[in-house]
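Both of the next two complexes hold chain A, though its partner changes from chain B to chain C.
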Partner chain A sequence: MNVIKQVSEDKKNIEISIDGRFDFSLHQHFRDAYINCKEKNSMFTICLSKTTYMDSSALGMILLLKDHAENYSGKVVISKPSESVNKILEIAQFHRLLTIEL
Partner chain B sequence: MLAEKNDVKLALVVDDSAMQCKVLSVLLKEQGYRVFTANDGARGVAMYVKYKPDLVLMDINMPIMNGYEAARKIKSLSQDNSLCPLIFITSMDTDKAFIECVDAGGDGILVRPFSPEVFKAKIKSIQRISDLYGQVKILQQEQQKDAELAEQLMSGVIEARNFSLDRIGIIKRPAALFSGDIQLTALSPNGDVNVMLGDFTGHGLRSSIGAIPLAETFRAMTKKGFSLFEIINQINQKLYNLLPADLFLAAGFASISSHDKSVYVFNAGLPDAYLFSEQGKIKHQISSSHPPIGVLPKLLPDSKLTIYGIEESDRMVLISDGIVEARNEQGEMFDFDRFEQAAIHGVINHTVSESVLKAVNDFCQAMPQEDDISLIDIPCGGWEHILVASQGITNISADQLDDIYISKDPAWHWQLTLSGKRLASINPIPMAMNQINEIEGHADHWQSLYSILTELFVNALDHGVLGLSSNLKANADGFSQYYKERELRLGNLEHGFIDLQISHYPLLKGGRVMIKIQDSGQGFDIKKYYEKRVNKPTNKLELSGRGIELVEQLCDSLDFQDNGKVVEASYVWAS
Partner chain C sequence: MKNKPILLLRSGLVIVGVILIDLLFFQMSYLSITLALLLSIVLTMLYQNHNASLITLMANDTKNSKVRNENSNEQEIKITLTKIASLLSQQMTIVDTEVDRASTLIQEATTGIADSFKYLKSLSDEQQVMLNTAIGNHRGAVDEEGTTIESFVHDSSETLDDFVQVIITTSKQSLEAMSFTDEMSKQLDGIFNLLGQVESLASQTNLLALNAAIEAARAGDAGRGFAVVANEVRALSVNSTELNNNIREEISSAQNIINKLRSSVQTMASADMTATLEAKSRVSVMVEHVGESNLQTNVIVEELAGLSPKIAETVAMGIRALQFEDLTRQALSTLKNNTETITALNQILMEFESDNSNTNQELQTLQHQCQRLIDQSHYQNEQRSVSQSSMDEGDIELF
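Right, the complex of A and B next:
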């Protein structure tokens, strides 16, 4: 499975890691990973260190997660994007929408 | 929707034993099948062609043509849109036989002996798979039809209305039938050429929903003379409201103003845009400075167009990520270096789109295309004659019309006074044009009026209210400095006003519009201004003053009054 989810004990820290290509084929898995996380003030970390490629639908999925998080007063952080993925985030100027931890 | 098969299902039994044929026929009939039989493979194939059955039962060891060969023939003959399941009936219970059956195209195997119940269960399960296959095929066909419709809409309705396709180079090669990439070009009333290259999230039909509102807004607002930034703002708002959160538009916008000798660029999520000189030198590379369009409810507060001075021979090139991310068999990306090389070669030879497309093709060879590939290549010069050609046809001098005034009073009068901060954020010209269009109806020559209004308003704002000196624009560097300063002063604008008045006087054939603009600035020395105008060398390329020249050409009279704080212009036309 390319979408790996880890949840802290208090359920407030959700880490979603993407292994390999992050594209439309992961749509359902990615959504499943967060859709039932409804704790207030949760922190969603999308770990992209093992992501080799990301397309625009992946950017869209991240925005959906951001909407979801904000509905529950939560936050989304993108963590350690690989060089090629960071380039895509940069072109989309995502650092102006959410936090990217390099 | 499923196509219903109202007729009885047909089954074909191929077995050299008449006894076996009979047994299987009885079992199949109990399941509601009509049954045909054949006693060897060759005959089985012939029957298959003739009856197109819904199910085939196949023995393996038969004279003339064995079951494997017959199965291969049948599978190669069967049409794409219907799966005719083929079950091997055999008494060879070996791994080898099993594998060979599957290799030959069998969808199932029944090993003798079997009970009637097992037989019926097998037929039922295989029929289920075949029904499912039929459903998938029908859905696929419907999807294809929808995509074709969208494709037709995109190319026939949206992109066919693009402006000046003969001068603007376009590459458009979708990965799926329907491309999420969209290219738009339109001419603004003042002669600026607006272009956009956009890349909607994803591919196919889903990514096309935003295309129509996008194209409509882009065209209508360009035509009404809104500035590029206002257009982008509106498109962003519209797409944000219309599209789901994960659907957005990475887009590059450029407005080429021959008249300002500048290009205005905004890159929201596309790879770098390029400005090339005639010799293929990269003059500017414009990186994305904003998240894609439709992601945020409003553009970020610090968003602005970047302005560059241009030569007539320069070329502006916008690309989508499909070009730089195209991969070859080794998995390498085409990337920017190769793109730049191909584009430079193309700029020198005036074949940008051809050169880039060829380089991408040579690089990728037979690799399937993963993403839409698109590019727009726009020449920065040669646009003036297009505007002049569309203006001036109906523009005549008032002297010829002296005695045909219907009335000394205007048919209507429109006035707007903008002050303080509103001056920095509101462009009154589209509103004025809207009034004229609504009262007098549409006419092509309103473009001239638009140009006059825009030039005079910008003069009043820049030189009057903001107190900017056009001497700043004496050279190309000063040009950008001028715009920086302009932006700064606009941002700090607290006081000052501009009053705009338009009066329409109908003539027997045609009409006259009087424009009066007053500003709160210091005014200027009118006498000195005209002396300078008269003495200026005619062949020198001036970066300022072209606006007023244009207005003078279009108006039948132009008067500065009250130390230059008031300007009155008269525009007359015959119909």
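Right, the complex of A and C next:
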């Protein structure tokens, strides 16, 4: 399983880690990881430290998560992207949309 | 009393020497130097001749011989003066010609140099205009809409960003569509379940109809009518099973279509960003290049702008330096005055030769005339000194 989900006890901190390639094949798992988290003011952390590759569908998935989080007044943070992944995030100008923690 | 003409001659020649040294002192011309040297040789010769005469006088003590000697000395003086006059005349002709020639040469050369400077200046101006045009082309509009290389690169960068945004938005919407498709797929699975229930209803109905038919047969004639109804019910259950199967097939093909849709959406959503990444970095490099190139161009433009006035200044300096022509002409004309003085002296010497009466009287006249020439020359020289003597003085544009 390339999508690993960890939820804190108060269910307000959800960390989703992606291992290896972050592409379309993960969309169902990724969606499943957050779609039922409907707590108000939740904090979604996407950990990309082990992500080796990302295509546009990954960016689309992150944007969908952001929409979902904003529906419940939550927030999305991208954590520790690798250099190549960070370049893609920069091209997509994600640093304007989300907090990226290097 | 016997030596008086000789003394007069001596003082006359000394005065001639003074005139020439005077000229030499003020003019320093090589021709003046030559003349001075020639005259000093003549003076030395005369002095020796006079000494020889004195020795002769002491040797021969008779009056006759003294008179003869005096006559002979006077004759010698006249011949010598004639020689000096012809030599002076010859030299003066050469000096005059050379001065005129030098004047003409300097004037021609100056005109040539001035023309060259003016041409150089106009070429430099032309070059500056061309450079300005070239720089304007480089920096300015490339087409009617005012696209510059800089703005083009900037636009490309923005277009690329927009393109990336379009890709991401498409991916996002495709993923949303995918979610809806998955929902639909689940709904279809639900329909399959319902169909299964309908099928079991049909088979139960079929079974009931079969039971009813059996019961009707057992009842005999009384049950005949009911047997017909039971058969119809059974036929209905079979029909509904067929209908069920048809629906199942339709939904199956719908599910196949959904699978195809899913793969299409997947293709739509999964754009590889690597190529875009490379394009983006190329555009960034381009932006950097354009910036650098602009900086360099600006530096060169500034240097060129500084160069043009420098050239103009240098040309002006060159033209100012050409004032030497004017000064040289002044010097040459002064020299002309001096040669005129010498010519006048020559004339006096000529006159001395033509008259044969009283030598003493003539020599005195010669002294007076020489003194007059000295005074005249002094006056002219003072006049000259008042005029400009250096090229650095003043800032007059002559051309």
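The rule is short, and it goes like this: the second predicted complex is superposed on the first by the 102 of 102 C-alpha atoms of A that agree within 3 Å, B and C clash if a C-alpha of one lies under 4 Å from a C-alpha of the other, contacts with A are read in each partner's own complex, and residues count from 1 in each chain.
One rule holds for everything that comes next: contacts are C-beta pairs under 8 Å (C-beta built on N, C-alpha and C of every residue); 3 or more make two chains touch, one makes a residue touch a chain.
Values in this document were obtained by computation on a predicted structure and should not be read as measured data.
Superposition model on chain A: chain B and chain C are shown in a clashing arrangement.
Residue contacts after overlaying the shared chain place A:96 against chain B, while chain C stays out of touching range.
In the superposition on chain A, contact of A:28 is made with chain C only, not with chain B. Residue contacts after overlaying the shared chain place A:57 against chain B and chain C alike.
Of the two partner chains, neither chain B nor chain C is touched by A:38. By the touch criterion defined above, A:11 lies against neither chain B nor chain C after alignment on the C-alpha atoms of chain A. With the shared chain A as the reference for superposition, chain C clashes with chain B in the stretch 261-269, and the other listed options (9-17, 81-89, 225-233 or 261-269) are free of clashes.
Residue overlap on chain A between its contacts with chain B in one complex and with chain C in the other: 24, 55-57, 59-61, 63-64, 88, 91-93. Those residues of chain A that touch chain B in the complex are listed here as 24, 55-57, 59-61, 63-64, 66-67, 88, 90-94, 96-97.
On the chain A side of its complex with chain C, the touching residues are 23-24, 27-28, 31, 54-57, 59-61, 63-64, 87-88, 91-93. Contact residues of chain B toward chain A in the complex are 199, 201-202, 245-248, 250, 268-271, 287-292, 295-296, 300, 321, 371. Interface of chain C with chain A (complex): residues 161, 164-165, 167-168, 170-176, 178-179, 182, 266, 269-273, 276-277, 280.
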